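Here's the structure we're looking at; comments come further down.
Every chain is named by a letter (A, B, C and D) in the order it is written, and numbering of its residues begins at 1.
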Amino acid sequence: MTVRIGLIGAGGMGRAHVERITNELAGAQIVAVADINLDAAKAVAEPLGAKAYADGKELIADPEVDAVLVATFGKVHEESVIPAIEAGKYVLCEKPLATTAAGCEQIMAAEQKVGKKLVTVGFMRRFDQAYREMKELLEAGDLGYATLVHNRHRNPSVPEGYVSRMAIDDTAIHEIDTMRWLLGEEIVEARVDRPRFTSKRFEHLNDPIVVVMKTESGVLIDDEVNVNIQFGYSIECELVMEAGTARLGDQERIHVRDGHGDRNKICNSHIDRFHAAFNQEVQEWIRAVAKDEHTGADSWDGYAAAVVVDAAVASLEDPEGKPVKVEMIDKPGLYA
Amino acid sequence: MTVRIGLIGAGGMGRAHVERITNELAGAQIVAVADINLDAAKAVAEPLGAKAYADGKELIADPEVDAVLVATFGKVHEESVIPAIEAGKYVLCEKPLATTAAGCEQIMAAEQKVGKKLVTVGFMRRFDQAYREMKELLEAGDLGYATLVHNRHRNPSVPEGYVSRMAIDDTAIHEIDTMRWLLGEEIVEARVDRPRFTSKRFEHLNDPIVVVMKTESGVLIDDEVNVNIQFGYSIECELVMEAGTARLGDQERIHVRDGHGDRNKICNSHIDRFHAAFNQEVQEWIRAVAKDEHTGADSWDGYAAAVVVDAAVASLEDPEGKPVKVEMIDKPGLYA
Amino acid sequence: MTVRIGLIGAGGMGRAHVERITNELAGAQIVAVADINLDAAKAVAEPLGAKAYADGKELIADPEVDAVLVATFGKVHEESVIPAIEAGKYVLCEKPLATTAAGCEQIMAAEQKVGKKLVTVGFMRRFDQAYREMKELLEAGDLGYATLVHNRHRNPSVPEGYVSRMAIDDTAIHEIDTMRWLLGEEIVEARVDRPRFTSKRFEHLNDPIVVVMKTESGVLIDDEVNVNIQFGYSIECELVMEAGTARLGDQERIHVRDGHGDRNKICNSHIDRFHAAFNQEVQEWIRAVAKDEHTGADSWDGYAAAVVVDAAVASLEDPEGKPVKVEMIDKPGLYA
Amino acid sequence: MTVRIGLIGAGGMGRAHVERITNELAGAQIVAVADINLDAAKAVAEPLGAKAYADGKELIADPEVDAVLVATFGKVHEESVIPAIEAGKYVLCEKPLATTAAGCEQIMAAEQKVGKKLVTVGFMRRFDQAYREMKELLEAGDLGYATLVHNRHRNPSVPEGYVSRMAIDDTAIHEIDTMRWLLGEEIVEARVDRPRFTSKRFEHLNDPIVVVMKTESGVLIDDEVNVNIQFGYSIECELVMEAGTARLGDQERIHVRDGHGDRNKICNSHIDRFHAAFNQEVQEWIRAVAKDEHTGADSWDGYAAAVVVDAAVASLEDPEGKPVKVEMIDKPGLYA
């Protein structure tokens, strides 16, 4: 069975998904593309012989669309996700699920009405082989339980439009989800520390910052968000267990030895670093849809990330940077 | 366009290709499977809704087969490859192209009659991202030209049926092809050195050995073939240039720090190490076939590997281990 | 000129200094040993033909003693250091300079009376080649100024007598001094975070903890103190600058590739890790004394470490773990 | 007891030994310096209050000289070493012991007459901590016996006066001695392979070359001598055992992460790389002399290196580069 996918949002991320589904992955094809800019939709759809829509809801209603891929702006995710749920179609929604906790709750309400998990949130790091090996090692238990996790999220630079809260809701949100998944527990508190800021930033930006979080069992997580580090895109993670540690490698393929030393390359962007993880995510989603199953992060994961983001932003905006408790609703039975 | 592939040879390698084409790659499907053991062919074909044949030639003749994947024993490759060429169909033939130089010459003769390169030899390392980065670095030229290359081909162990010449025609053949491709020149001489043998081998086996080769421009290549090294499958390569070196990394994803030190894993088999390279090879072949183009190692490459193997085996069998010149026919224009 | 050294305190650390001065370093000899246990003093002194004293003050008064090495318990350092200053003799005092800020102030008062810096505090990491290269890199300025420093102080295990505040006044005190020296600024605030504790600790101990500090310019320092990590003695430090980072290597000499992976050894104790730094410290001190010069950490450094320890301990003992300001006297002109 | 050392040869190497004995090592002092250029001898001797001689034999005869350090040109080593032996004084002679096998035999004859091993040849790598760990690992036996050793001896560049045979008698001689010591067996055959030469060399020089050697038990040793590699002084060694390998690390102290990647420094010269090994060698020699004991490489080791050099040079000069057997005299009982 070939899964017939409709894409909503023909921007860069959407086109990258079209590219991988068409040329790198098995079992699916893009049959429809929607964008509020119809020309943009057509530009993607036509070479594939797919239909183009100006309205995502029409695409969702199209009976030839088996499943929906949402790659619009975060603020309008709900507009596509909720109708897709109501139509009983699986959705792969780019992160964040919604930009507010309330939005995530509405999505969960819609899913609960249907009585079925249909939404996968695009937290692709869960599909990265390195994080997966780290999780396997933790779960094997030979090195004991986790006590701390140290994260670094470093980008070469960010444009002027990147504002301080994006360090949390756009950047650290990846570590927030990944840590919940890795440790298998909820984050209960968040705090933001402010180091000396770099002169490489735009004046208005707090950069770097450190987001410090605690889980239910007490695991202490820190996440250095440092988005003007110049030298590359560097996602680092060290899991500290009772009797050992594990850290992500650089995924480097060759080592060069020359006048700069013995060295390996640091990649430049999340596309380089997570290309395989994106592919793995979409491939596993295609296979799951074909079997009428759910895979990956669900709506509760999207909600949990949103409320941790809210707590961290509150600490960021607090003049004293105090720790803020994470307030969550009870988890609906569907997500147990 | 979906490329319709017929597989000849339903053994382990063939089934691995079926798996990747069906579940991991875009643009192709398996429509027929042939094996002299018809039940084996059926076992693979039926779950896919593909046809089963006892005779590869019937599969080749099937008009619904666009392209042929040959994964039979090396000794019978020609039986499938030549008819496929005559039928004008693209062939991906597992290495070796043929087990004798004469066999390779017959294949080239068939291709020349058709006037078109149809055969891709399954030297998958050309599609490995690490070797590709090494080749790009060499070709960029910043570190000068190559002077030496040091290779290690280490396997955890080999079964009793693995005899001394297989260290060359089954194992070192990978480095032979990869070095020709990496350096862009022919190998003109080969010699086999015998170190102290390991006690972990079966008595009849020369292990380890070192294959030493020279290229047209004088680049000196050594290849330590060490197939009972116990600890893992370890493919190492260091390219020495005039002003720097590059070596393959371990492709490790995490580093663990525990009572054994700070360490990364060594993989266990060529399947672990080259899974992505095999996928890349077959994916690029599918795309090329769809565009009526050739990709990867061609029949000349298969022939060149065969004659270098012959020279190295002659040195291995020489009591004094003298260097042996590689004797080649002139390269037909088709492969220029 | 051979510097004639008197040792006060014939315990393990004292004997290690005797060993290095006698067998590994140039330019000095041990001429006297004092210990409240006179037999212990004699056991060290006699093989060297040195004198033995039960009272450190007599040793200090001995005109054949040019300089004094204090290796007694921290609580009684002042009893030796102040008389040595009054006698106008150079002192190398093991850390801490004194166990209270008040004690350090008295030592500074004695030095100010003499009008000369005579005291070197045994913070040996300042003499470690790796930390020195890190400091040179920072000061070279190519990668910009420091924004954060991440430290790990991991010990395989600690005995039952090791109590929670020792994680700060005995363990983290090394990072406190090293960070002040590396960054060239004072620490102005300290806070202690409590991760999930390891089950490998004695019940009474808070372990691991994270000491978080801030400097005058805002550099954020974290120090994971994790003293039952089982696997080895692991001193890690990552200095984050505006355009790059630097971290300590493992100082490993060989890499082994076997069934545990590709790996290097983690050392077991501070003696393994800092043997060369201890030697360098004492050798530089001997040379300085011979030239009537001061070297290494001075009494102000000892005092500054003490007041940062006090702030961190206050945060550790605060039920909410609030950050605590570091309160310092004005720096006397002698230490400018 | 302070060992009173007389230095013969006040060039760079001799002065480096004076520096270390005076300022970095315990238990010795330089009491006399001889050089055919008396002014050079005086320039070194006077600041130390040592005597100066124009004739090494007078220095050897000086009753205040306990032991002799020979750092003259290789060709005149015998002139100093033999009289020192005859005077019954320990000698530390820089490598090579003598430039001919015959010269080494004369030195051994002199020692046999005295009936005592007095000569230590300055093969300092035996004192390098990394090689020592490698040897310990081999001898521990957990990874089985050695089968191969791969060496790289890379220098940034060499001056025009460096001729082809120096790649063996001045450069590879270090690996020749180190391999004999590491493996505990004699080398029985040597061959020189010629890769493509680098354009960075002076025209007259064969560079790089590979010296291939075999030991009694059959261990195959290769040594890439590559003395214009531009990027640094890089001494690499990989010992291959039956069930694992060990290789020298870069002895790096910090890792930098910046626009050039994640990297560590390559050192620039043998002085950087082997400073600690030189110190360890001379310190152990001083301690041995004080106890009337021999340490380090002896005259037989110096002889064995000379005859392996002769075989390798013969292969280098053979137009076909054939392997050459190493011809040795029987080992005198003194060296058993």
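We take it that a residue touches a chain if its C-beta (ideal position, glycine included) is under 8 Å from a C-beta of that chain, and two chains touch if they have at least 3 such contacts.
The shown structure was predicted, so the numbers you read here are calculated from the model rather than taken from an experiment.
Asks: Any chains in contact with both subunit A and subunit C?
Replies: B, D
Asks: Please identify which chain has its centre, taken as the mean of its CA atoms, farthest from the centre of subunit D.
Replies: Taking each chain's C-alpha mean as its centre, the farthest from subunit D is A.
Asks: Roughly how many whole angstrom separate the Cα centroids of subunit A and subunit D?
Replies: Centres of subunit A and subunit D (C-alpha means) sit 58 Å apart.
Asks: Indicate the whole-number Å distance between the mean C-alpha point of subunit A and the mean C-alpha point of subunit B.
Replies: Centres of subunit A and subunit B (C-alpha means) sit 38 Å apart.
Asks: Do you know which subunit A residues sit against two or more other chains?
Replies: Expected reply: 230-231, 243-244, 252, 256-259, 264.
Asks: Taking the touch rule as given, give the residues of subunit B at its contact with subunit A in the complex, in rising order.
Replies: 21-27, 129-130, 133-134, 137, 143, 243-249, 251-259, 264, 276, 283, 287
Asks: Residue numbers of subunit C touching subunit A in their complex, please.
Replies: 144-148, 150, 193-200, 208, 210, 212, 215, 217-220, 222, 224, 226, 228-231, 240, 242-244
Asks: Would you tell me which residues of subunit A are touching subunit D in their complex?
Replies: 230-232, 234, 250, 252, 256-266
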